[in-house]
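The following pair of complexes shares a single chain, chain A, combined with chain B in the former and chain C in the latter.
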Partner chain A sequence: MTADVVVTRRAAPRSGARRLLSRHWYAWAMIAPVVVVTLVLVGYPLVRGIYLSLTDATEGNMGRTIGMNVIPSTYEFVGLKNYTDILTSSEFLGRLTWTIVWTVVCVALHVGIGLGLALLLNRPMRLRSFYRILLVLPWAVPAFVSAFIWRYLLNGEFGVVNAMLRAAGFAGVSWLDDPFWAKVSVIACNVWLGVPFMMLALLGGLQAIPRELYEAAEVDGASPWQRFRHITVPGLRPVSSTVVLLGTIWTFNQFPVIYLLTRGGPGGSTEILVTYAYRQAFEGIRNYSGSAAWGMVILALLVVLAAVYKRALRQQGEAW
Partner chain B sequence: MVSAPAPAAAPARAGTWSRDRRSPAKSAALHLTLIAASIVSVFPVAWLVLTSLKPRTVIETASVAPIDHPTLANYTQVLGETRFLTWAANAVIVSLITAVLGVLLSATTGYAVSRFRFPGFRSVMWMLLITQMFPVAILIVPIYNLMAGLGLINQFPSLVIAYLTSTVPFCAWMMKGYFDTVPVTIDEAGRVDGLTPFGTFWRLILPLAKPGLAVAAFYSFITAWAEVAYATAFMTGDDKYTLAVGLSQFVGQHKAEWGLLTASSVLIAIPAAAVFLLVQRHLVTGLTAGATKA
Partner chain C sequence: MRRVLTSAAVAAALALAVTACGDGSGDAGSAPAKSAAPAEVSGTVTWWDTSDATTEGPVFKEIIKGFEAKYPKIKVNYVNVPFADARDKFKTAAQSGSGAPDVLRTDVGWVAEFASLGYLAPLDGTAAVDKPEEFLPVPAASGKFNGKTYGVPQVTDTLGLLYNKELLKKAGYDEPPATMADLKKVALDVKSKTGAGGIALNVDAYFLLPFIYGEGGDFVDVQNKKITISSPQSVAGVKIVEDLITSGAAVKPALQDSYTNAETAFKDGKVAMIFNGPWSNADNLGGKVFKDNPDNFGVAPVPAGSAKAGSPLGGHDYTVYAGSQNLDASYLFVQYMASAESQAKIAGKLGLLPTRQPAYSAPEATANPKIAQWQKPMETAVERPWIPEAASLFQPLVEGYQKLAGGQTTTEPMLKDVATAYQGILKGWSL
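Up next, the complex of A and B:
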């Protein structure tokens, strides 16, 4: 009797596994390519990056091959030293604060201006598609080209922005050479670059809101502000939650604008975490381990962001 | 304005929104705002085009004249005396391979996470979300060292591999959104007719999803095409540069060839913008398809 029970109990998981396999094997087979590619191309470098971040690897002690000569690696395991160095460095708080300011200001302006323009474009009027095309233009230009355009426009000596300021009787501003104005410049460039996507996405969201809701609200005597507050904002939420997350990640990780416009300067004033980690690894004496540790710190911040976002999704009733 | 302004006292009960309900003053304000926004939006690009047509001597004076001694010299110099065309070809090759591989690898996953709830579903969704968020700083050092170990630095495969780390999860995510918009009843009909899940996907869903695949491929293409960080770190010889790296050669630390920079920027931006404006509606739908449906 007891033996029987034991046998069935032992058999149960095995047949359960088989049942799971027969029921789900096609789903697993379908996701296999992405899972394998991700494990190999992302998982392995990630693990290696974590390991590197615990060593003192730099350009000097990293193994390499020069012609026929193979120079072995001589870097050593140093534990959490890179992390404690980062967290106690004066750089960390400064870079983190600026990265957060940069992300929040940019995303707020993207959404604010994008929503404003979307609301304007969502009305019947003449030349609507003409305005739309003009307003989408910055998105159509590759980001690195935009960064170069702005570098030219904002050039202190002969940039057209300063030329116009001087023509209007003001003094020119050294846009890219002054710490404060450099921050304004990179934000301006990134806002110019990012508003079109927000505008189009939110316009799509606005058009998906049933018009009857507005008509019913008007019949009930709701003011324009009340209609915006109680119909437009909730109606946009499915779209806005996605694009705000995307926009936040894109801005947080925005490499080309900062790297090409100011190179993080002057004096590191526009350096965000991502460009800082990059320059550590690929400029001057290449500090691979330090850069890897910065990368892990950035990853930790992003995982927190994703967790917050997922919680927000769940509150809206999204499945997973 | 042809339409007459609506009488102020008219109750707002018209079934459709029309121009008639807007006063001339409001209408003017609306158009003025949009015109101002359009100018801000277009001006940098327009100024770029105008500058590219000026000779170097004019560019380096602080002049606000839109047109001054127009010449095509910058263009002939870019096309004839620099490696611009090589860089463009490099960028196209790398981006094309990345886009095709990305879509091929991720199509079935997009379908699976759209249709099936299987053990491991949540982990896969998490993986797709998190890997998309990976900034360049996290993987670039280990991938660089691996590629150096394999002797692939300054070779195109190293860039393609680096780009696949972000385009594969990205494509899968976008395609999930697209497959979500394809009615499940089509799958059910296929299953009733005796198709396997693979058969349903291949024979029924994939043909319907072609626009979604095209958008995902296009997105990966432009992501790879405009990438700066990996390309700067990995491509060390100027015959292997992509456009993003090549262009920064024109404005180095010591010299700045603004004529070359503006002319090549125009050569890149005009075709890119033309294609982009044609497909932009689909791009936004592609990114937010899953969201608008929910």
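Up next, the complex of A and C:
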């Protein structure tokens, strides 16, 4: 035992890599758990997902042994067939278009309303912290709970919203049963859920803008709009550019709101890409290969989006 | 010398351990053997019950107590799993090999799917299949796949026409409608004479079936491997629904929470008729218009179309997970739960329909008037296709039905789309 250690130590200085390892061993030791965890949690599923997406594996043809039942593996490598199936399917373009509309409208409203509230809350006023808590509340409720509550509120016959409309003398709206209103409903619910985060993030950004800039601008006679346009907006950009990207990715993949509020209905009209992919994967005999391919397509779309966005920011002189 | 002593001690200890193990496994090993007397079987049986936890669950728990008293060495672990989640939850657990129950209350439409995937233990020749000749033939068929028995029927059901007798009387009818044409007429009369709605539709594929069966249509023709959802007969059936909606005989159906909305409207006396099954007995009788007046609640067979009166056969089977560690205890559990005595108890307390002939004549069952009421609707029950893909056939039809009920499409193009979707699910079947 002791002899081995001595040999290693003596051999160490000869190889560069080993010297690096021995000099920075603590750094390697520190990051090792993270590297391992990342590889296990992100790397392995990703590689496995890519592999599965190139096969025709389903719940029926993947081998398994359960008690007395032995089922052999019979799935095969099919190349890019799953991808061509998805891209040529009649559903894909329609779902993609609605997903983009959904994402753009939601993020625009998130940022717009969030910024408005942040500006309001950034002024000195009474009960400011109380308002803040109140406005952050939707964020604290789990998304699925909110979605269920909205589902009851918006029930066409027995919902509270329609009851209020009727009491005020209007006809009720079939919120979740009409394709157009169902789209409005899911967007409304998601905006309600997402605004608090935007508000908090932007409020933080606003407070980081130096007061002196506003004072100087006021001395120079700048109007409130000019101050907003030339101080607030550029000053917020480091925060806003990040939260917009995050919000876009979250909204693009916002599964619970759609799935729980409308189940993608009526007649598939509110189905976004992720809920559609879920349906493909988990309804009936589970289609592992097909759902893996869907996942890859969605991942690719988001990677492209993030790259384009980053590039656009860089062209505006933003080091992000 | 010391070494020798130590190794001798280790050997002795090992020998002891081995014999101890041998004794232990000998006991355990003799229990699961086929020849073992039932009283000797021990273990824990985890049962996933998918019945309503508040109204039905307690009755099943009571029957379990009787089982535990009869087999004191077997412990039953009762778990109530909501019906809507059960299929997905069981599949995930069964496939990963951990967390699956020993026995599952399985919808008749799931048995073939689970069996084809290897999740279920074949039950022929085990204690679970006890006096098979007593079972009603159609429910019994639901438990079979590829000639083997995988499920033992627990309860059977079908859809019937539930009606509010007072509302019908006000509209001038003493009897519920017997044909689809009458259904429309009665519904319109109820609407014009009482102000209540005629019929509330549940926008769900299962609830569309009486209309399709009535004209002689179906989802698929299993024998000829043919998709028949867009056949002229099926089209004629769905057209009746379209007409009910457009003519105003049916109230404007809700598409989300459709089942609950239709039920609530019926229970509150806002509509005169709905289609629903015996599982809703307790729910309906608790409603505003039936609570103090249970005689107002009428049950009739679904109205007949031009071919026949037909409604889908439903119900539940007991199935045993193939990976169960307590197979023998599970078989005994199924035997006890599906026995005529247990079924009669369930029928008497809950009004759920037994699957064994003798249970219908048991005094406990006959004491519940609901059982006799449902006998006639049961005569119209149509056997469904027991194929692994059966449960997958509902979703495309639900989506189509939603579009139809929402007025975005009409019957023919809708069913054509559904048939195309079915071609993706049923590989190699003809249209």
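Structure notes:
Just so it is clear, the second predicted complex is superposed on the first by the 278 of 320 C-alpha atoms of A that agree within 3 Å, B and C clash if a C-alpha of one lies under 4 Å from a C-alpha of the other, contacts with A are read in each partner's own complex, and residues count from 1 in each chain.
What we mean here is this: a contact is a pair of C-beta atoms (placed from the backbone, for glycine too) under 8 Å apart; a residue touches a chain by one contact, two chains touch by 3 or more.
In this text the structure is predicted, and so the values were computed from the model without any measurement.
Judged by the touch definition given at the top, the superposed model places A:Gly235 against neither chain B nor chain C.
In the superposition on chain A, A:Phe282 makes contact with both chain B and chain C.
Of the two partner chains, chain B is the only one touched by A:Val35; chain C is not.
When the two structures are aligned on the shared chain, A:Ile71 is found in touch with chain C, with no touch to chain B. With both structures placed on the common chain, the touch criterion links A:Phe158 to chain B and to chain C. Of the two partner chains placed by superposition, only chain B is touched by A:Ala208; chain C is not.
Shared-chain residue A:Ala167: touches chain B; no touch with chain C.
Set against each other, chain B and chain C differ in how many residues of chain A they touch, and the higher count belongs to B.
When the two structures are aligned on the shared chain, A:Gly268 is found in touch with chain C, with no touch to chain B. Look at A:Gly94: by the touch rule set out above, it reaches neither chain B nor chain C.
Looking at chain A, you'll find residues 64, 151, 157-158, 282 touch chain B in one structure and chain C in the other. Residue ranges on chain C touching chain A, taken from their complex, read 88, 91, 94-95, 97, 113, 116-122, 252, 254-257, 261, 264-265, 321-324, 327, 388-389, 391-392, 395, 399-400, 402-403, 406, 408-409, 425. Contact residues of chain A toward chain C in the complex are 59-60, 64, 66-71, 151, 155-158, 174, 176-179, 262-263, 265-268, 279, 282-286. Interface residues of chain A facing chain B in the complex, by the touch rule stated above, are 20, 23-24, 26-31, 33-35, 37-38, 41-42, 44-46, 48-49, 52, 62-65, 117, 120-121, 123-127, 131, 133-146, 148-153, 157-160, 162-164, 166-167, 192, 196-197, 200-201, 204-205, 208, 211, 215, 218-219, 238-239, 241-243, 246, 249, 252-253, 255-256, 259-260, 273-274, 277-278, 281-282, 288, 291-292, 294-296, 298-299, 302-303, 305-306, 310, 318, 320. In the complex of the two chains, the chain B residues touching chain A come out as 12-13, 15, 17-19, 22, 27, 30-31, 33-34, 37-38, 40-42, 44-45, 47-48, 51, 59-64, 105-106, 108-109, 111-113, 116, 118-122, 124-125, 127-146, 148-149, 151, 161, 164-165, 168-169, 172, 196-198, 201, 222, 225-226, 228-229, 232-233, 243-244, 247-248, 251, 258, 261-262, 265, 268-269, 272-273, 276-277, 280-281, 284-285, 287-288, 290-292, 294.
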